[in-house]
Amino acid sequence: MITTPPPPEVSGHSPFAVRVKLSDRLGERGLKVLTGLAALVTAALIVWIAYTVFDRASPAIGKFGLAFIGHKVWNPVVGHFGAASFLYGTAVSSALALLVATPLAVAISIYLTELAPNFLRIPMGILVELLAAIPSVILGLWGILVFGPILGNHIEPFLKSFLGWLPLFSGSPSSYGMLNAALILTIMILPIITSVTREVLQRTPTASKEAALALGATRWEMIRMVVLPTARPGIVGAVLLGFGRGIGEAVAVSMVIGNQPQIKASFFQPMATMAGQIADEFSSANPGTWQSSLIYLAAILLIFSALANIAARLVVRHTTVK
Amino acid sequence: MSTTTPGNPLILRPVRGARRRRIVSRSFDVVFTLATLLAVAVLLWVIVSVVIKGASALNWRLLTSDPKISPFGQNTGGIANAIVGSAILIAIASAIAIPIGILVALFMTEFASAKVSAVERFLLDILAGVPEIVVGVFIFGVLVVGSHQSGWAGAIALSILEIPTVARSAQEVLVLVPDALREAGLALGLRRWRIVLRIVLPTALGGLLTGAVLGVARVTGETASLLLTTSVFSNNGLTVNPSQPLPNIPVEILTLSESPKPSDHAQAWAASLVLIAFVLLLSVIARAIHERSRAKLRG
Amino acid sequence: MSARGLSCVAEGGEWPSADPGNIEVTEMTVKPSKEAGEIMGPEESELKAMTEREGAANEPGAATTAGGANGRVAVTAGGHEVVAENLNAYYGTFQAVHNATVRFAANEVTAIIGPSGCGKSTLVRCINRMHEEIAGAHADGSITLDGYDIYGPGVDVSTVRRVIGMVFQKANPFPTMSVFDNVASGLRLAGFRRGRDLRDRVERALNAVGLWDEVKDRLGRPGIGLSGGQQQRLCIARTIAVEPEVILMDEPCSALDPVATLKIEELIDELKSKYTIVIVTHNMQQAARVANSTLFMLDGELVEHGPTTEIFTKPKDERTERYVTGKFG
């Protein structure tokens, strides 16, 4: 950033006196004010969002308190509301998505940074990034009409036949449900984990890689000895970012998860997530306890997502000086 | 010193351990490659699904006429109103977000100290991390409650999502503008604001455009926040007044997907095709501008 | 030191992990026996046996030994020499080394001098096949180690690199590893797992570079916590822990202060009795101090190669003379 000396005062005597035009002064101040305001707006927005969400949730917070978090029932008809089933649904869907997406993302990043021939590197990179560009509603539509049937008619029965003894794969296969949602989420969080991991992997010092190779390490051994350990904090940050993204996804999840507020062990069962439930029910929720309970969910979601985001930035910044 | 193949003393042969290690390494190579191919395959699967299913339902009538619901509940018209509505929403949102985003970026690169700039960047990251549905709830609480849904509400919600994207992109490119240019301006006696307007902004123009296009791409497919702000429509006709809720493509797709009728699904695919084509086109354009402007700045 | 790495089948099979059935042992080189306590200690105590467990008799010319050391067949006694013949090295279309033919004598230190960009690093990196790790880089010609072509078909690159070690310009200990793990890293790659044996080898390597006393109380601390000179000696320890036959050094002291440099030069002098050493240096005084013979390169060409004193006092080529007298470079 460049600092400019303060404008010289207008004076008729000094040979260096400069008459500063009013328009210049106004322009200078104007731009400073405008940009400062813009920055303030973004900062203020965060506070305003948090305030509004909690304010609108306050009827429900006041009525249910923290017990809301542990309460399993969500029944608008009788007015019982509790977040537990959504916390469970959000946690399981995100965890499952992370479980699948993270190794994939690391593998793809390794491919793109260490293996891909130069001419393929950029095109493949673009293709992976394009996954992020697919609007969530389209992924949801695809999830309902294309992926769901395949999941319900082929993949889930297959899983059940081998692993049906596990409670995770018990019950009847269906095209909707936790597994569908988790896999759709996987597709959605894969790009962000990959892109951050790629950046981190690219920063591996060449000297360390050469040292490993010179000792006779194979490429995989070099990756295992040098690249991955060095990148580990960054990958953690990437995972946190993916987690933050996953818990916040509303539309695609609500389209395929079935939106049943229940806690079930089986991945084939329909369940519900915080974001998904808000998307699904909000328009039908009449103002009152129902609506404010939904907003209570939004408040919890906001906290978790902010925490995940902050944690991610702290971890990534800690290791890589941007 | 080594094992040699019988008959050929010039060839070093690896010992078994080395061979195993090499096989392991090659296996991992295969695994990594397959993982990438899997991701690309899924991408292609989705896109091809949309293209195939959408193309068959896509026709001129769909794109240009408003919905006409037959007595049987079937839309024999089109989705023109949603296309127009989306365009209006995106236009308003971008008109708000792009200037603000660029101004924020200017603040960070030209006027703020390093520490303040870092804080602002952090805040932008937080803002970017707010889930879209929560932004929808926010705007609902501020603009819809006590009133009704409207295009303004939807557009403002979109702009909140667009600002961080534009700002981040803009900041990345403004930082690349060499200080030497700014110093040259100072040496000529220009005030800072003129330097910014006359030198910095034009130099960074390509990158700023990229940021703008990326921002637009970001909100084009956005659904969650619109669900709460502009999703309930009183009629099925063309609406251009933003103080009324504006029909839009993403919500339209969502609504159609919830219907059991295959004809509605077909329309959903067609609308998806339009949407995804637009988003992908924007992404490609953004990337193209980005590469060109970066090359120019690197010199 | 012997046919390690490439061909030994040790009873109890540690170094390297080997399947006896697959090894054809036809020749072995045994180095002159060493003093006890040195890293390449008397093979008598280290190599348990050379055995072929199955099909021993089937291999033509197979050397069968069993039990102690006496049964070994010594074919070539002495150290290991590297010979490059008509070596050309390229980065894409740019040719960095032209038709290099040179013999790096066994158990000697050969210095390579020349102005920046003359191809000395490239030449050296061809010897342990690191050159080809750079995208678009390739080389042709031949480089042989004791007569065996390291670019031959079927040659395992990682084996070559273990037998021909390299020390880099800037010390590069693995940042996420402790001192101990750094030195042990190559050993672990080679299949050494047993704690006791590993510890012994690490200690011997650190002793050989004169670091043991300085780090023995902080083996678990990060390798990058050491000073620059210590880090470089750590890297040398890491390299010799796997008992290579040749050590390549690419300007190993250029980032170090004179005291550290001196320590390393002394170390080089000690090491040459066990290894063949090639050292790239831009410091002519250093070449004069440590090297038996010196090679002068210019623009990718080997201009002159001879005993160090000759190169510096009575160079045969005019270009060499101009360089060593400081007229350019």
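All chains are identified by letter, namely A, B and C, in their written order; residue positions are counted from 1 within each chain.
One rule holds in what follows: a contact is a pair of C-beta atoms (placed from the backbone, for glycine too) under 8 Å apart; a residue touches a chain by one contact, two chains touch by 3 or more.
Quick caveat: nothing in here was measured; it's all calculated off a predicted structure.
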Chain at the geometric heart of the assembly (C-alpha centres): A
Maximum centroid distance from chain C, chain identifier (CA atoms): B
Pair of chains joined by more contacts [C-beta pairs], A-C or A-B: A-B
Separation of mean Cα positions, chain C and chain B [Å, integer]: 53
Distance from chain B to chain A - Cα centre to Cα centre, in angstrom: 14
Distance from chain C to chain A - Cα centre to Cα centre, in angstrom: 49
Touching two or more other chains - residues of chain B: 21-22
Multi-chain contact residues (two or more partners), chain C: 158-160, 189-190
Touching two or more other chains - residues of chain A: 218, 221
Chain A contact footprint on chain B (complex, rising order): 21-22, 24-25, 28-29, 31-33, 35-36, 38-40, 42-43, 45-47, 49-50, 53, 100-101, 103-104, 106-114, 117, 120, 122-127, 129-135, 137-138, 140-142, 145, 160, 163-164, 167, 179, 182-183, 186, 189, 191-194, 196-197, 217, 220-224, 227-228, 231-232, 250, 253-254, 257, 265, 268-269, 272, 275-276, 279-280, 283, 287
Of chain C, residues touching chain A in the complex: 128, 130, 133, 135-136, 158-162, 165-166, 168, 170, 172-176, 185-186, 189-190, 235, 238-239, 242
Residues on chain B engaged by chain C in the complex (per definition of touch): 1-6, 9-22
Chain B contact footprint on chain C (complex, rising order): 2-3, 5-7, 16-19, 22-29, 59-61, 76, 80, 144-150, 152-156, 158-160, 163, 189-191, 245
Contact footprint of chain C on chain A as seen in their complex: 118, 205, 207-208, 210-218, 221, 225-226, 229-230
